[in-house]
Structures are given as structure tokens and as C-alpha cells.
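Have a look at the structure that comes next, please.
Chain nomenclature is as follows: A, B, C, D and E, assigned in order of appearance, with residue numbering initiated at 1 for each chain independently.
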Amino acid sequence: MINRPHVDWFALAPSLALLGAAGLLLMVAVFVPRSGRRQVAAFVAFAGFVAAGVWAAFLDDRSPNPVAVVHDAMLRDRWSALAQVIIAGCGAVAVLVSYREQMRDEHVAEYYALLTAAGAGMAFFVQAGNLMTLFLGLEWFSIALYVLTAIDIDLIGSLEAGLKYLIIGAVGSATLLFGSALVYGITGELSFDRIAAAGHAHDSMLVVGLAMIIAGLMFKSSAAPFHMWTPDAYQGAPTPVTAFMSSATKVAALVVSYRVLVSAFPHSTDLWRAAIAVIAIVSLAWGNIAALVQRNVKRILAYSSVSHAGFMLIAIAAQNPLGERALLYYLIPYSAMSLGAFAVVAARERELGAPVTLQNFAGFGWERPFLGVSMWVFMLGFLGFPLTGGFIGKFYVFAAAYDHGYWWLIVAGVIATMISAYYYLGIVRAMYFRDSAELQLAPAGGSPPHDPLLAIGVGIALVVTVGSFFAVQPLIDVAHSAASSLPF
Amino acid sequence: MANFIVWVVWFGAAFACLVSALAVVSFSNPFYSALALIGNLASLAVLYLLLAGEFVAAGQVLVYGGAVMVMFLFVIAYLGDRTEDSPWAGGPSWQVFGAVLAGGALLAEVIAVVALKAGNLLEQPKHIGRSFGTPASLGRLFLTDHLLAFEITSIVLLVAAVGGVVLGSHARATESDARA
Amino acid sequence: MNDWLTTFLILLPVAGALLVAIVPFSAYFLGSLATLVALLEVALWITAAGRFDFGSSSLQMSQHASWFSDLHVSWHVGMYSFSLWFVGMTTVAMAACTIYGWWVGRDRARAYFALMLLLTAAIVGVFTAQDLLLFYAFFEAMLIPLYILIGVWGGADRMRATITFVVYTVVGSLLMLAAIIVFGLQQGTFDLTRMGPSSSTWLFLGFVVAFAIKSPLFPLHGWLPVTYREAPAEVSGVLSGIVGKAGLYGLLRIAIPYFPQPVHDWRVVILVLASISLVYGSLLAFRAPDFRGVVMYSSLAQAGLIVLGLFANNSLGFDGAVLQIVNHGLVSTSLFLLAGMVERRTGTRGEFSLLGGMARGRPALATLIMTVGVISLAVPLSTTFAGEFLILAGAFKQGWAWAVVGCVAIVLAAMYMLRLISGTLHQDVGPAVSDAATDLRVGELAILVPLVLCLIGLSAWPDLISGRAAASNGTEWHPSARIAATGPWSCQVGAANCPPQGVRLQP
Amino acid sequence: MHGPDLQWYVVLSAILFTTGALGVMLRRNPLIILLSVEIMLNSANLLLIAMSRLHGREDGQVFAISVMAVAASEVVVGLGLIVAMGRRGVELDVDKLRTLRG
Amino acid sequence: MTSTAWITLLLPLASCAVITAGGTRLSRRAAGYISTATALGAAVSAAVAFFDMWSKSPSARGSATTSWTWLSAGPYHFGLTLLVDQLSIVMMLIVAGVGSLIVAYSVGYMDGEDEERRFFAYMSLFLFSMLLLVEGGNLLLLLAGWGMVGLSSYLLIGYYQERESAIAAAKKAFVMNAFGDATMALALFLLVQHTGALDYATVFAHSPHGGAVANLIALGLLGGALAKSAQIPLHTWLPDAMEGPTPVSALIHAATMVTAGVYLICRTHPLFENAYVVQDLAAGLGAATLLMAGLIALVQTDIKRVIAYSTMSQIGYMFVGAGIGAYPNAMFHLMTHAFFKALLFLGAGIAIHAVAGEQDIRKLAGVGKLMPVTKWLFLAGSLALVGIVPFAGFFSKDSIISACLAHGWYGAIIWVVAMVGAFLTGAYTFRLYFIVFTGEPSAFVREHFHAHHGKEGPVSMLWPVSILGLLSLIGGWIQFAPLWHPFSTWLDPVATPFVEPTNTQEWLSSAIAIVLGLAGIAVAYVLYAARTTEVPKPVKAFERKFYWDELYDVLWYRTSDLVARGFYALVETPFIAGSITAVTGAVGLGSRELSVAQNGLVRSYALALAGGLAILAVVFLAVR
């Protein structure tokens, strides 16, 4: 006689909502005629993400103190709920951006299905409570992302990106798996809290496992030197997918990284803290310096996402209340800016029918004032300028680092920002300072019809980016309550 | 006596496992590599049996040795055998050196781990009951503690299936190739 | 406590910018709209000045609202008497420059005027922010419009100009950000009115470097030549006249009061650098081949002079510095506007080899260049003379050598400014000066004459500013008087470095 | 228990893992790279099962089973990509996939 | 009295403002008349103030009134103070009176210049500045006026702005005066530091007696005085200043501005008496200047430059007087000198004006035949300059010379020099007179001379000159030191002399001075009028003005130019501008390296992952 475990469906709701949307979309793929498929699919996906977001918000409201669900498989707490809200938001905007993407009609529904599935995977991933669910959730959205990256199959670049992402991703997850196995081996436990309870601090097997787990997670957060796949995948993937990857994946990966490290390896804090700090510096250096000579805008943004992983890892390395707040706060404007930037790139891409380079970005700011100004704001946000949340984010991150005494991390971050000014403002320069008249750009088949949905998506990103600068207090409060749900 | 047989079997399996693994990575023809991998999986299944994982061993043979590898062989056959000359060539000069170094380092680390652990934990495995590793007990786990894992595994498979469909579908007209 | 006036001073241009950005007007009407807003800003400042109580040394027209509480950051703006003068200078000069932009009819008017108004707001914010993080926000916000203004409406080599400008400024301001974070967390608040002094040399240097780049001070003026030459004339005017002053204001408001010990230790170094800037800038101005070259290097020299006054550490120096900041703000703006007008007339970039003899038949142009020129070389009785006199008298009390250097620089100033005047106006007519180069038109006079009248008025009564730079009621004063010497965040370094209210540090 | 101590299993799995990693790092044929990845995953499986034996707890085996499924799905996607490549006449050589770089 | 002082001060300023604002809406004549009228008004109100003061008792004559605080900082306050006392009233009268005459003269002289509005605006500005200088009630305002006169002098010297030489001369004058301003400013800083104020009363009361500080203060002030009054070593600008229109030379560079140095010393004599060394230095420099200028004047061929050098030498006399402490005598000579030197310049101006602006005396030779009135007036001026009884120079100059005898051995030396100077004065003055005004008109003159409506010049030019001629005849009679000295008595409360020559000394000096003067005249007659003996070849050093210009060229202009070029080549370009390129270049290099590492090979990416992992694990194992 098997006594079925009690399942807290409410805790599962966000993932389930997205999963349901995915299933519905598969139905759409089958039953809805091709003519209306695009609209219906997009709507369903959007609704799914919104529903997930709303559920997650409820979840955040209704789970003041963390509990484990279904034995120890997953956790219900505000930390994950907040991350789910952000992820759902990213997904929704990504849908808006995807709407006019030129992809094969026969697979548009599957595309959205995979998008929602990936979202569901991330929503589950951030709730993972033991190493098994961690690995499974990772694979869940990773596999979906592999396919999404390569979905524009006729683009050799897309295919190449997909394959590279897949191979390296598989290696990464194998590493994570092996590390989990080692940790399981020494502790005999799978769930985070009991791994922590089992002790074995600084046991050789444990630390090697920890190293492998860190490698796997840093791989997902695309932190140097585990980031090598990032530029290629971001550049090759369809731009809306890149937008989604760069924002949601980072949110999930970083949030989970911190949770795993804090809740499963509190005894080796000094070890992983130092490791994360070093990785942060490497990411800052590599991401920013490598971005300088890039010409392809998506690639530039990819490297910038590497460097921003570095910034958020500073917050993780600080590992203090301020750092947790910094991490969660930083993720909000960052994901907005990242989505928005890639959305603008997508718009330009569509009107040129060619990959966007600094060269053919020329004059965009004047031709499309709204998108231009938005891009300008996003770049300033990345750069950490006032009037954008990026500024407050960096401020909090540095504050956290100083609070822990990591002043050298502040120095590194400051220098990195100095370097980054060159290429972020370089994009603005490309958009405004040159005239498209200088270089004869023939928009492929004329300028495409204006894309209100994309504009709305960019607008949302803009509002979040700028709003998070002014409405710091509420966001910080939310982050504070979310952080307080972590074990200490 | 039983112990001796176990040793023999273990050595045989381990040896086969290593050899086949090396074969996989060193054969120049993917077809042979795939076959070698089947052997590798089989020998691993034997080791699983030694570790009292009957169900896993069975699954290994059926799912892996059966389904997955068949799929592999099918694809290889579909793509036609393209024997590649000099399988180790290519990449920058420091690639091989670095690869061997990194791999060696990883190996050395784990060995070191084991060596450091030698003598205490790994040598006293817990005593286990008869039902250990039987489908019944595993199934019970799957339906209780690891219910979610079970479900998610199926979801992952579903996602992969959708992906396969999407990727495997036919190409569009040539005008899209121009975008490549 | 809560007085909206300062906030209005900041928000009015922002609102104007948004309005300009959206209203569907023609370029011309957008210009007029921006002009209207700029003039309203001036009027608003005049009301503020009217309501200002120069008798009290406390913060006035201040408004305080928490921004985020866990780090004690807040929207806290207000004006001390010297801030009031800086804001006035800003509003007037920005109005002039905005109107000039309207007059020359900059293309892409919508963006141009919106950015000019935003710039106004940012600068006013810098001069009024009483929260360190807010100050930094405005300080950085200044860079955003400037970057676009230079890059879009600038000269041929504007790309290099923007890159150089941004690299320098960002380096400085980020060092300052690091310093601000550390300082604020040490103090437990970012509210300037509640912070106590610190003795950390590193923080001090972080601030000083940022401000020195902005001012600029030798040897951190590398961005100056290319930027000032490539930027549109009125933007160069804003840069050297107003934005540079933000750095000097920072020294006066932050670096000097909150770091008594480092200031004491580093005084000589900074005074030496200031003197070098003074002489170096004057000499380079003397050799500069073009109109703007002279003006920009002279502004380097002027920055050095003002820093001399600030670090003279006595009320002569402080009052003189405040006065001179305002003077040079107006002078430099006028000079760059004149440079723009000359360049526009002659189709040159102001090379003296192409100019000359413009005085004949252009009385208005000649009179204005002559007037502003002699005022800027601090001919006695001019307000600049008053400022330099106070500054150097203060520097003399600090040590006679500084004042001697200053006097040498005064002679050099005469040399380069006369060179500019005669190179433009006198001697035989330059090849680029044709009859098409007319005298100043009414619009241009309407822009310049008010500025010049301000200067002449100040010359008649410089005490208006120097006597009201701080309510010292006839005693020696020191910026550190604005530090709350009590409370949980009192001195980190023991009472030795805590200046009691209003008492100068050096005996 | 009978047979060798568990540490030998650990060593064996480590060797397998390294072998797989070397395969990924040294081979050019994507198919073989996929196979190498399989070896890596299987090495982890071996470790998991050995450890579950060590602790006398079966969740390691459960983990291993789900890993098999995951591996299978990765194979599916990977093969799908490779097939797509082959169908588009792209040579099966990851070293040739260098349009994205720099 | 304050109100009259204000009127005197502001009337010229008003005229300047009106003319500037009026611009072309104002007719040229109108500008001239406005300027003249305001100048006359200033003179009248000064006179009113004078008689007002006359009626008061000597003790109550001085009055300082502060209108508002001009500048203040912390505890320091510098008011906008007007000081009207016996000394400043004298200067006001001279400046406004002579000034109004010269402005009136220039209405005719500048007639036909196409920018005479500018000229008259500048003239009014100058009058304002000069009056501010003399009326300023504290040293700060004195310095202000000091600089303003420098400015207006710059503007007027460079009035012919197309002329390269004029602009150069103007710059030279301004920069050299800026030196003086700078040293004065330093002295003021010292005073501020040691007395905390700048108004005369406080400063005189509290400034230290003797010692380095006192000397430095006096030295700084002396520097200003030397620059403004063109005394060695800051004198080289004055001859070049003759590039300006002749009325300017008359007003600024003869009558008023250049004598400001003397006024300064007399005004601040307590400070100088605290530092007697510096005061003796002033006297010594004056003596040196009068000697050197006299020598140079002997060989100059430009009529205005000759007069300029004579101005230098006469101011040298005044410096001697002020330096040895005979302030009233110095002021007295300042006044008379204003009369006859203005007369000489204006006379020369008439001649120049009549002969197509020619200034070379060899070409002007014999013009006197054609313009008798000018000739007689010029003769009067020359006699006054040489100091022949009963002309003005006699009374003022000789009293200075005689005062030297009361100053010990140092005074004796100066006395000798002054006597030599007297001889030289006679020589060069009458060299000029004989060459230009006697003898047959040269060919050039016949060719270019044009009578103005049959007269030598317009009336508006002749009557001011005539008045000046009268003044230089009778202007000296108000004081003859041995017998009556109302002027000294008048000045006594504010500028008490501390040398009192005995009457015998007075008589003796006067006699010798006259004899030497006549001797000089005789020499000049022999050489240039009778032409009985050959003119000796002029000394090179005299012609090259003792190489002062070359010295300053090397010392200041070339040096600063060289240093500036050096900065450009060695600092600005390589380091300041180069640093940024260097840094960006380095970072760019690293960037390219990294993009090489990102080589697009899956295997390398995997290697990076494995490598990073390996390192991480090794470190963990090591440090765990």
C-alpha cells in the first residue's frame, strides 16, 4: 500500500500554469488552422506567462515562511516566488517581442510551446529543493532552450549555435551531475538542507563536488571562464530567444546558485565565497574587455551579459543581507534592460533583414525615436548611470561588497564599468552620431510594418528600467522579505 | 568462493567498460564508436548488478542499449558512414595538450579524493535488505518521495520529443537559405 | 522644512524637456518653447533669491523625502547662499545658451532643446543636492545630455571628442562613486547635512580626482582640448562655464568640509597642482592658435586660480572663490558664444591666421569682444578682478609664493587675452573675414548684452556675492561649519579633526 | 559486501568521466562527441549507484534512472540537430562550425 | 563736497556710456561735444569742490565718504570710498582741467577720423579712470583706477587698430603696466595680511615701521609707480606709446596718467617713510631716468618721441622730489609739467596735423616759418620745460633740485645728476625747437603743408593751446619757494615734506640750474640753428635706447613663448593627450587577444570549462 504524498498544488501553480500553456499550444499546433495559428499561439503563451506571474505573486504573498513540498523535492518560499515573477515577466515580454519574428509558420505554435516549457522549467528550477530536482529542472529548460536556439533551422548560424550550446551544455550538466553524485556520495543526502545538516565541512569529496556544482551553475549563469558558449549562442539564436535566454536564464541560474550555495554548503562558505569572488572578477574582466572590439551588437550584448553576471556574483560573494537584496534588486532592472535591448536589436534586424552591427545601426536613433531613446536608456542602465535601475543595482552591489570588506571587488567593478562605458556608449554613438545617409542601407523589402507589440514590450522594459530607479524602496522591501526566507 | 567470482566479474566488467569507452572516443568511424558504446553500457549494467541495482541494470540495457543506441545507429546509417581521417587533428596547437592536462587534473583530483577517503567511509557500505534496488521499492520511491522527479523526467522527454519534431522537419524554400 | 522651491527649480526644466519632446510643434516653436522655459527658470531663481535669507548660514528652501531607507538615502535638496549664486549663474548661462541654440537654428531641434533643458535640470540638481547619492546621480546625469550634444551637433572630430570626454569623466565619477559608497556606509547615512568628517585619505582622493577632472585641473585636463574644440560653441560654453564649476563646487561642498585631516595633509600638493594649472594654462592659452584654444586654456588657468582660493583655507579665499566661480561662469559662457558667432560669420574654426581686422565696421562685435575680454583678464574694477584679488589675498595668507604665482599669471592673462582681442579684431583684415561677416544681429545682442550687463553690474558691486557667499556675519568662516559635529556619525578620527562650528582649522 | 571496495567504483567512474571529457575536447565528429557525453553521464550514473549502495539508500538509483531519461532526451535533440545539419549538407565536423567566433 | 566729487567722477563715465550705447545713431561731432562738455563739467564741479574746500579750515578739509561696501570677505571689508582732500583736489583740478582742454582740442584734431566716436568714448573712459584713481579712498580703489587708466591707455594707444606697430605698442604698454599692477597687488596683500584693511587711515596707522615687511610693501607700491610713470626699469613702453593720436600723448602720456606714480608716492608717503631705503631707491631711479632719458632725447628724430623722453626725464625730477621727501615740490612740478608738456604735445600736434601727419623732425624742418602762432607757443613751452624765468618750469623744477641739497650726501649726488639733467633738457629741447621751427622750410614741408582756412589750424585746436601757453607762463607764479609757498602750505596737512632747503640753497640751485639750462640752449643753437660746427655723430647706445627693449624681449616675451612651446611639445601633446590613447590602445590589444581565444571551436569551449573546473577543484582541495 503506497501512501501518496501530499502535493501542494499552489506551490506548483506557476510551473503548472506554464506547462498547461505549453500543452495547450501543442493542441493549437495540431488543431488551429495555420492562418490564425500565430495570433492564437502568441496569445496563449502570453496568457500562460501572465498567469504564472500572477500565481507567483500570490505565492510570494502567501508563503511568508519557507516550507518543503513533496518530501524535499521542492521549496515554497518567497525567494523562489520572486524569481518566478521576474521570469514570468521576461517570458511575457519575450512573447511580445517574438510576435513578428519571421519564423516558419508551421512551427510557430511549437516555438511558443517550447518557450513556455522553458519558462516552466525555470519556474520549477528556482524552486528545486534537492540535487535531483535541481538537475532535472536544469535539463528541462536547457533542452527547451537548445531547441529554441536552433529553431530557425535554416539559418546555419542558428544551427551552429544550437549544436555548440547543446554540446557544451551537456558537458556542463554532466559536470553538475557528477558533482551532485560526489556530494551525495559523501553525505548520502540529496536535499539541500540535509546536505548542510550532514556536515562533512571541508571534506575532500565534498569540496570537489562543490567545485563541480559551482562549475555547472556558473556555466548556466554564463560567468567566465564557463561562459564561452554565451556569445555564440546569443548571436546565433533568434533574437527573441536570445532576449529570453539572457534575461530569464540568468535570473534562474543566479537565484538558484545562491540558494544552493547558501542552503547546502554553509560549512564551506569561505571556500565558495572566494571562488565566486574570483569568478566574478574574471567575468568582469573578460566580458568587458572582450566586448570592446566586437562589431555585432548581439555579441556585444552577450559579452555585456557575461560582465553583468560578474556584477551579480559580487553580490553573491558578499553573502550578506545587503548582498541578497542587491542580487534580487539587480536582477529586476537587468532583465528588463537586457530584454529591451535585444528587442530593439530585433526590430532593427527585421527592418534590415541582416544581422545588426554597429555599422548598420547608424541613424536608427533618428529613424525610430522611441526605440532609439529606449536603447539609449538601456545602454545607460547597463552602464549603471542614474535615472536607471542599473545605477541603484550597482550601488547596492558595491555597498554589499564593502559591507563584507571586499573593497577590491568594488575596485574591480569600478574599473570594469569604466571599460564598459566605451562599448555601451559606442552603441549610442552608432545610433545617433552617424547618419544612415552616410552608408546606403537598403531596408530589405522596405521598412516592415510598425510593430506595436514589440513597442509595447520595449515600453514595459523601459518603464521597469527607469521606474526601478525611482521606486527603490518597494522593490527593496520585496527583495528583503524574499531574502529573509533563506536559511541563516 | 562467491567472492572470487564477484572479483572476476568485476574485473571483467571494469576492463570491458574502460576499453569500450576508450574505443568510443578513439574510433574514427562513428558507427564503431556507437557499437563500442553499447558494449560500454552493457558492462556498466553488469557493474550495476554488482551494486545491487537490478532495476537500473535492466533499464540500462533496455533503454540505453536498446532504444537510444538504436536511434544512434539509425541516424548514423541515415547520414551514411563518413569516416573521418585523423580523428585527433584540428583545433589550435595547445588544444590537445590543454585537454589532456585538464582531464588528467580532474582524474587526479578524484583519485586523490578517494585516496584521502581510503580507509574510512567508502569501505563500510551499509548493510542492505533484500528488496534493495528491486523495481518494487524503486517504484514506491518514485510514487512517494520522488514523485516530482518522476513527473519531470517525463516532461523532459516530452520537451525533447517536441524539439525532435521541430528540428527534424523539412527545410523551407531556398529564399530562406539566402538569409544564412 | 519642506519648501518646494528648490525642487521646482529642478523639475521645471525636466517638465519643459518632456513637453518639448512630445508637443507636435515646428522646430522654431520648439525653440521658443525651450526659451520660454529657460527664462521661466531664471524668473524662478529670482523669486528664490528674493525669498532667500542671507543672514542665516543654514540650509534653506530644502526638501527632504526618504528615497530608500535601509541605506538612509533620500531626496534632499536645498540651497546654501553660495549654492544660490551657482544656481543663478546656471540658470542665466543656460538660458543664454539655449536661446543661442534657437538663434542659430540647430537641426533636430526636438532632441536638442530637450537635452539642453535636461542639462539645466541636472546642473541645478548638482548645486542643490544635499544627499551624497543624489549629488552623484545629478553629477552623472550631466554627462548624458552632454554626450549627445557633443556627439550629434559637434564638429568633424566629434567622435574622438566624445570618447575622450566620456572616458575621463566616467573614470573620475566612478572613483567618486566608490568613495561615496564607502563614505556613506561608514557614516551610516548619505545625507550630507548629517554626515561627520572623515580622515580617510583614499576617500578624499577619490572625491578630489573626480572633481579635478571635471574642473579641470592639471594634469587631468586631457579631455579639455578636443572636447572644447569639437563641441558646439554654446555647449562648450556650458562645459567650461557651468559644468566645470560643478567640480569646484564639489570641492567646496564635499571635499573640503568633510575631510579636514586629508585637506590639511594634501594642501600643498593641491596648491602646487593649482598653481601649475594656472601658469600652464595661461602659457598654453598664450600660444593657442585659435579663439577657442585661448578661451579653453584660460578656463584651465581660472580653475587653477579658484582652487588656489578654495585651498587657501580662509574666508578671503572661500568668498573669492565663490565670486570668481560665478564670474568665470558668465565670462566663459559669453566668450564661447562669441567664439561661435565669430566662427559662424567667418566660416572658420577660429584660427587667428584667418581672422583679424574684424573691428572695423563691426562696432557691436568689437565692443562686446573687447568688454568681455578685458573683464576676463581681470582688469581692475571688474568683478573678476575683485574675485582674483580676494583669492590671491587669501592664498597670500596661506603662503606668499602662491600669490606671487598668481600675480605672474595675471600678467600672462593680459598677454593671451590681448592676443585674442587683437588677433580677432585688430591689425590687417584676415583672409576669412569678408563683408559677408556682418556685425552682430539683434538676436545675438539680445543673448550677449544681458550677460555682459550682469558682469558690469557685478563689477559695480561684487560684494553682492562675495559678501553673501556665506552668512559669516563678519567673521572667518569655513565650509566645515556646515557639518553636524554631533550625533552618532560624528568624527571617525577623534575630536582633533572635528572642526567646531564656524571655526577655521588652521590657527 | 562481496567484491572490491566502493572506492574502485569511484575511480572507475572518474576514469570514464575523464575519457568522455577528452572525447568532447578532442573529437570533431558531433556524433562521437555526443557519444562521449553519454559516457560522461554514465560515469555519473555509476557513481550515483555506487553511492546509493554505500549509503544503502535507493534514491541514488532513482536519480540514475531519471538521468538515463534525461540523457536520452539530450540525445534526441542532439541527433535532431545533427540530422538537420546532414540534411543541409553541412559537413559533420564541429571544427567547421566557426562562423560564430571572436 | 561729496556730491561734487561724485559728479566729477561720473560725468565722464556717463559720456562714455552714452557714446557707446548711442553707436552710429550719434553723429561724430555730437560725440566730441558730449565728451568735451562732460569733461568741462567735471572740471567745473572739481573747481566748485576746490573752493568749497578752500572755505574750510585746513584741518577739516579732508573728507572720506563710503557709499557702499564694494567688496568684502569674512572680516575684511573694502568700501567704495571717495576721498577728497587737498592732494586729490589738486589732481582732480589738473586732470579735469587739462583733460577738458585736450578733449576740446581733439574735436578739431580728430576731425575726419572715421571712428572718432570710439576715440571720444575712450577719452571719457580715461578721464573717469584717472579721476577714480585720484579720488579713490582706499588702496583697492586706487588700484582699480590704476588698472583702468592702464586699460584706457591701451585702448587709446591702439586706436589706429590697423597699424601693426600701434597694436604692438598698446599691448606692450598694457603688459608692462600689468607688471606694476601685480607688484602693487602683492603690496596690498601684505597690507591686508598685516593691517587687515586697505583704507588709508588704517593702513598708515597700523603698517609696520621699518623691517622687511615695510620695505616689501613700499617696494611693491614703487613697482606700480615705476611702471605707470615709465621710470627705469619699466619705462620702455612710453616712447612706443607715441603711436597713439597726439592728444592722447598729451593727455595720458604727458599730463596726467604717467604722473600717477608721483601721486601714488605722495599719497602713500607714510608707507614709504616707513621704508626710507625704498624711498631713496625711488629718488635714485628718478635721477637715473632723468639722465638717461635726457641723453636718449638728444638723438631721437621723431618729434613726439623727443617730447616723450623729455616727459620721462621730467617725471624723473618728480620722482627725485617725492623720493627725497619734498612732496609739495613734486606735486607742484607735476602741475606745471602738465601745463607745458601738454602745450608742447599739442603744439607738435598742430604741426603734425598741418603737415600730413609727418612726425620726423628732419622732414618737418622749418615748419615754424609757416605757422608763427604755434611757433611762439612752442617756444613758451620749451622755455618752461627748460626752466627759464619766469616760465612755470623754473619755479617747480628748481625747487626740487634745491631740495636735494637738504638730503645729505645722497641728495648731493642726485643734485649733481639733476643739474646735468637741466643742461641736457636745454640741449634737447632747443635742438627740437631750432630744427623744427626756425630756419627755412624743407621741401617736404612746402609740398605737404596745407593751411586750415588760411589759419594754422582750426580754432578748436588753437584756443586750448593758447590757454595752455598762458598757463605755462604764469602757472608757476603761485609759488616761489624762497619767498612765498601757498601750494606747499595747502598740501602740508596731507603731504608733509621732511626736507626743508634753506633759502641760500634755493637761490644757489636756481641760479646754477638757469645757467646750465641756458648753456644747453646755447649748445643747441650752435649745433642746429647757427650750424657753425658739425653735429657730432650720435652715440649708438643712445639711439638704441640703452638696449632695454632687447633685454625685455629676451627676459620675458621670448622666455614665455619658449616655455609655452615647450609645454606644447613636451607635456601637452605626448602626455596629456597621449596618455588616453595609450590606455585605450592597451585595452584594445587585450580585447583582440581575448577575441582570439574565443575561437569558435567547441572543443576549446569545453576545454575552458574543464580547465576552469580543474583549477577550481585543485584550489579547493588545496585550501579546504
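The criterion applied here is as follows: a contact is a pair of C-beta atoms (placed from the backbone, for glycine too) under 8 Å apart; a residue touches a chain by one contact, two chains touch by 3 or more.
Predicted, not measured: the structure shown is a model, and the values here were computed from it.
The chains in contact with chain A as well as with chain B are D, E. Distance from the centre of chain A peaks at E, each centre being the average of the chain's Cα atoms.
When every pair of chains is scored by its C-beta contact pairs, the maximum goes to B-D. Here the chain at the heart of the structure, going by C-alpha means, is C.
Chain centre most remote from that of chain D: E (centre = mean of CA atoms). Per-chain Cα centroids separate chain B from chain D by 5 Å.
Centre to centre, using the average C-alpha position, chain B and chain C are separated by 70 Å. Chain B and chain E have CA centres that are 102 Å apart. In whole angstrom, the spacing between the mean C-alpha positions of chain C and chain D is 65. Counting partner chains per residue, chain D has residues 10, 13, 17, 20-21, 24-28, 33-34, 50, 52, 54-55, 57, 59, 62-63, 66, 70, 73-74, 77, 80-82, 84, 88, 94-95, 97, 99-102 touching two or more of them.
Along chain A, residues 132, 136, 139, 143, 146-147, 150, 153-154, 156-157, 163-164, 167, 171, 182, 204, 208, 231-232, 293-294, 422 each make contact with two or more other chains. Multi-chain contact residues of chain C (touching two or more other chains): 163, 167. Pairwise, the chains that touch each other are A-B, A-C, A-D, A-E, B-D, B-E, C-E, D-E.
Of all residues in chain A, those touching chain B in their complex are 2-5, 7, 19, 26, 70-74, 104, 106-107, 110-111, 113-114, 117, 120-121, 124, 132-133, 136-137, 139-140, 143-144, 146-147, 150-151, 153-157, 182, 186, 204-205, 208, 353. Contacts from chain E toward chain B in the complex involve residues 599, 601, 603-604, 607, 610-611, 613-615, 617-618, 621. Chain D contributes residues 10, 13, 17, 20-21, 24, 30, 33-34, 37, 40-41, 43-44, 47-48, 50-52, 54-55, 57, 59-60, 62-63, 66-67, 70, 73-74, 77-78, 80-82, 84-85, 88, 90, 94, 97, 99-102 to its touches with chain A in the complex.
Residues 131-132, 135-136, 139, 143, 146-147, 150, 153-154, 156-157, 159-164, 166-167, 170-171, 173-174, 177-178, 180-182, 184-185, 188, 190, 231-232, 235-236, 293-294, 299 of chain A touch chain D in their complex. Every residue of chain E that touches chain D in the complex is listed here, in rising order: 595, 598-603, 606-607, 610.
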